[in-house]
Amino acid sequence: MRNRQLTRAPQPQAAFEPRIVAFFCNWCTYLAADLTGTSRMKYAPNVRVIRLMCSGRVDPQFVLDAFAQGADGVLIGGCHPGDCHYQEGNYRTLRRYHLLRRLLRQMGIEEERFRLEWISAAEADRVRNAINDMVERVRALGPLQLEPKREDREEVAV
Amino acid sequence: MELKRTVKFEADRDPEFARWISHTVGGERIRHCLQCGLCSASCPLSLYMDYTPRRLMHLSREGFKEEVLSSSSIWLCTACYACMVACPKKINITHLMYALKERAIEERFYPKRFPIPVMAQQFCRMVRGSGRITESWLILRVFLRTAIWRLLSMSGLGWKLFRAGRMPARRDKIQRQHEIVAMLDSVAATRKELAL
Amino acid sequence: MPETGRPTNGSNAGGVRVGVYVCHCGTNIAGTVDVRAVSEYAAGLPGVVVSRDYKYMCSDPGQALIQHDIQELALNRIVVASCSPLLHEPTFRRALDRAGLNPFLLQVVNIREQVSWVHLDKQAATAKANDLVRAAVRRVFLHKPLQRRRVPINPNVLVVGGGITGIHAALTLAEAGKHVYLVEREPTIGGHMAMFDKTFPTLDCAACILTPKMTAVGSHPGITLWTYSEVVKVAGYVGNYRVQVKRKPRYIIEDLCLGCQECVTACVYKEGKTPDEFNLGLSKRKPVYLPFPQAVPQKVVIDPETCIEFKSKKCKKTCVEACGDRQAIDFTQKETLEEIEVGTIILATGFKTFDAGRNPYYGYGRYPNVYTSLEVERLINAAGPTGGELLLRDGKRPQAVGIVHCVGSRDANTNRWCSKVCCMYSLKLAHLIKERTGAEVYNFYIDMRTPGKGYEEFYDRLLDEGVHFVRGRVAEVTDWAAHPSEKGKLVIRAEDTLAAFVRRIPVDMVVLSVGLEPQLDAQAVRRIFNISCSSEGWFLERHPKLAPVRTFTEGVYIAGACQGPKDIPDSVAHAGAAAAEALALIDAQFVELEPYTAFIFEDACSGCKSCIPLCPYQAISFAEEKKKATINEVLCKGCGTCVAGCPSSSIQQNFFEDEEIFEEIEGVLAYA
Amino acid sequence: MKCAYYPGCSLRGTGKAYEESLLAVFRSLGIEVQELDDWNCCGATTYLSVDELTSYALAARNLALAERERMDIIAPCAACYLVLNKTQHYIRDYPDIKTVVSRALATVGLEYHDRVRVRHPLDVFLNDVGLKAIAAKVVRPLKGLKVAPYYGCQIVRPYATFDDQRNPTSMDQLLEACGATVVPYPLKTRCCGGSQKGTLPEIGLHLIRYLIAEAQKNGADTIATVCPLCQFNLECFQKEAGSQRHPLSIPVLYFTQLMALALGAPAATIGLRRSLVPVEPLLAAKEIAYA
């Protein structure tokens, strides 16, 4: 189930559809994404959103895992600086984001594949724009080329 | 290209005219006009009008006398009452059109040889003289004063009507014509007395 | 029982039995997502015992379906693919609870707001829904039963802002027997309403209906009124907020001042020299003053900026002399900080009016006879600077007055929104101006918006009064005369769009009907109370229709014009709604908090202490004897920042454990 | 009760057939009428635009004459019907108008106390005689004759005294009682232009064109009218209003002509020959015997 080699193969080269994993905080960006829906704005269907209570919960491992499992891009959405529901969680996010970006660059992952956006609960249009813009940029970059790595975590019993 | 000033100064307004229209019979509710345009949309003649009834109501209550009285709309109105029945503010628009026509005739706001006022005047004259209208005579008189050439083009129809017995050659007249004259004079006198 | 249940591969992974439910939401979801295909797909996922799609999962029969399956098929994990979890997660959790399953063994998949409503391509939308459902099924495997925490509610309420909204909310709560702290920034309560002369559409006098409520606030034993005060800090959580209030020195001992104003009479300044804030600078006040005669509390204030004693320390202090034995004046008073504990908070901080100077083409500040509507409210107020006579700056009566609507409203250059109250207050001012001066009054409007009880009727009345209505936005106000009749006048230029020509209208006085804006410090205030603002800067409600006075912070409510432009009736209704919401919480006596707290695996903790500074709530401490970090669950608010920051992964967060998230990540990415 | 019959000027001229057929229907239905003694012109729409006060006085003379005879007025002409009705309303509503009118009447020894009802034949036939009684007296059912009922403006506007303002049906019912088929006619109360054809011909023609074209489109064999001016406009100018591509030709009859025909009145007495558009071929085609 987690064999990336197997899973990546069937993707036809001609129509590359980037796959992007997004981590949205519960209080701002996830709400904004809901508002995008209630406002019936349309955006590219390439993003899969994972809801966390705060962008500060985004463990760098999550990002690395997403890339390892086949994501072509990772998007983090949090409240604007100073607006964090938990006072300062998003400042931690920002710090980790900068570190992680440097690390990813060293791993050969283009900067544009990893993105942090501040989107408040009212900014539905920013959700749409951020997603559409990122999908286009990642599409231009093409599929993420990583050497398949050995699983470094234990399988969860299923 | 002839250029004309279209911007209006307050001095172009005649507040007296505005006062008059809202105090004339039927004009009581003109100020309530919401400018919804239902009158214009209901009017079968509005497609030919320079100012739609709605605009005319607004211009009237604001006192733009020149524009209102020289508008073609007041002559196009056939008094079909469609606007008045439709009006959500119950404004007596048709009656206001009559009032405007009357005022326009009084102040001579119409082109020379314009048939509508001519016909109105001839009509009144005939009533005073005979008490009744004989259509054939009325039409003849109007065309003689406005457009003789049209009389010629109408002669075919006239002849047919005459043959069908619908164009009596003799003028109809009431018996007690003096009563009509007396009443007309009385109205004139009372109007003067009460300054109506 | 409907027979839409699909056969599954039946694998029973470690006793986990998942039920998947895909909601059509009428056509809201089913119109874009092939719900049947999603349900069929889910049926093939490992561990899924049953998979169904249903018209409305949130309906009673929908919930009954889940409950029935839990009992009949011994399900122990539930995945519902429907609208946003922010809407119906509580509904489905209750359904689990009723069926005897721990409510946290549920995962909700958002396939409406984030799938069907935002995509057009049915195939792509269905594929996305499949991915999300697959991730949820994988994630829900790891869910553990959790218990919500119950916390008691402190029955005291803080109301911030003493305008009509705050006053009404405070009185409602106090009448219900709760203790209210009413904090107002200005030296008196009353807000904007106290400045008005009459109120639309009934034309009853604002003071007559407001002052009884103001005095009721001042004398109510259940209300602690702190004017000239501001909230500076809020800590704690719903039901248990600790609030710091800064009380500015008024240099008067409130308990001793009787409001006799003898000090004001006795002040060394024989005449006022400072622009009077309450009259918007249209009159002058002394350094010691009462904001207006009906001010509550009836306590004077000393303004240290203009008082000679503060400047030179050499004043004769005739005020102190006049106060005599009462000794209410205290020049040494200092700012104090009070700390209070409340369970709920109502924000009623109101609005500010648009700064008319931002539209320079209307000549505000340049031509003395261009006023804002609020200034005119003061001018026609019997208690105002002119005793209610509408006079120009030169003391003459205006013969013609132009009222310009939508100043700072419906304008992409300033504010895009409709300020809602301007049409009606402009009509009111038009009526009052015509009544008091007999002047010709011109209203320049874009649309006349009078949706309210008795409002359209009021407009109709104004039409009949012979007020001119020119439909068109005013382009400029100048003193340039293009016609002899315009000499010495202010000329308003606008298209009369109903007449379809441009008009130049000379007037003596221009009234700018300024719109409503968020308070200048709205951003700072919302941060103190940990709530959000809409992009315009109004406080953001939890739901625009169904939760208009709630916020995303439990126990903090918003009421009145701080949420968006509102007239008096709307503000009062809003205040009542906020008070009722607070009362509902208080009367429940406790509130249940989500159990998303962090916890430590002590065995793995290396005692590096790196988590301790990460917590904004000081919930993590270091147990010296064990050399391990410990988390105080009561203080933890469940953000998860410490979890992400722990280098040894020895902190986990309930419902958001690392493994759960990993499953979700891999779930959305795994190809089917 | 005997009614005063107020023909109005048009029924003595272009609308002669209206008078002839109306009187025939009165006779057939046994309605007793007496022509109003020395009636005068009501002023019509024209007088109102020159001098409205005088026009009320003129109309009031007729009202006063009827009142003196203690009779209600039957006014078949739509304009007369409206003007008389309107005069009643305005005398009631405006004291100044009442003063002017009363004084004028006094000079010729007349009084008016608002005791007269002004009625239209449609109203009398429908509400006094009744559909049942009329149907019982039909001897020549107008079977197969498709009629577009055209009411024009002033019968229902602005005063709807006996019929619905937006969708009047009184004439529809009467014609159906006579055996005719009434076709849908959405323009039934749209204006024919009145005297506009005489003063501003293009505009008059424009209005006439749509009225006839719509009736023809809906399959009408004839248009039934209640007003002499409507009849005149629709009949006399239909050729002019039509074009080569869309010629217009349809008989335009007074509803009373159709009723009289059904009630068995001799054809010669109901003015069928006064039509400029021949009626005979139509009646022959529908096998409606007339003699």
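The first chain written gets the first letter, and so on, giving A, B, C and D; residue counts start at 1 in each chain.
Everything that follows uses one rule, which is that a contact is a pair of C-beta atoms (placed from the backbone, for glycine too) under 8 Å apart; a residue touches a chain by one contact, two chains touch by 3 or more.
This one's a predicted model, so the numbers in the text were calculated from it and none came from an experiment.
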{"item": "Neighbouring chains shared between subunit C and subunit D, ordered by label", "value": "B"}
{"item": "Pair exhibiting more inter-chain C-beta contacts, B-C or A-C", "value": "A-C"}
{"item": "Centroid spacing, where centroids are CA-atom means, of subunit A and subunit D in whole angstrom", "value": "81"}
{"item": "Centre-to-centre distance between subunit C and subunit B (centres being mean Cα positions), rounded to whole Å", "value": "60"}
{"item": "Distance from subunit C to subunit A - Cα centre to Cα centre, in angstrom", "value": "32"}
{"item": "Separation of mean Cα positions, subunit B and subunit A [Å, integer]", "value": "76"}
{"item": "Overlap residues in subunit D, where contacts from two or more other chains coincide", "value": "none"}
{"item": "Category of the chain touch graph - line, ring, star, complete, other", "value": "line"}
{"item": "Chain-to-chain touches, reported pairwise for every pair that qualifies", "value": "A-C, B-C, B-D"}
{"item": "In the complex, subunit D residues that touch subunit B", "value": "9-10, 12-17, 38-41, 43-54, 57-58, 61, 90, 94, 96-97, 99-100, 103-108, 153-154, 157-158, 165, 189-191, 193-196, 198-201, 203, 206-207, 236, 273-276"}
{"item": "For the subunit C and subunit B complex, residues of the former touching the latter", "value": "460, 463-464, 466, 468, 471, 482-486, 496, 498-506"}
{"item": "Interfacial residue positions of subunit B with respect to subunit C in the complex", "value": "6-11, 22, 31-35, 54-55, 58-59, 62, 64"}
{"item": "Of subunit C, residues touching subunit A in the complex", "value": "13-14, 46-47, 84-86, 110, 112-115, 117-121, 124-125, 127-128, 131-132, 135, 138, 141-142, 527, 530, 532-535, 540, 552-553, 596, 614, 616, 637-641, 643-645, 653, 656, 658-659, 661-666, 668-671"}
{"item": "Subunit B residues touching subunit D - in the complex, by the definition given at the top", "value": "25, 44-45, 48, 75-76, 78-82, 84-85, 94, 98-99, 101-102, 105, 115-117, 119-121, 123-124, 127, 131-136, 139, 142, 150, 157, 160-161, 164-168, 172, 174-176, 179-180, 182-188, 190-191, 194, 196"}
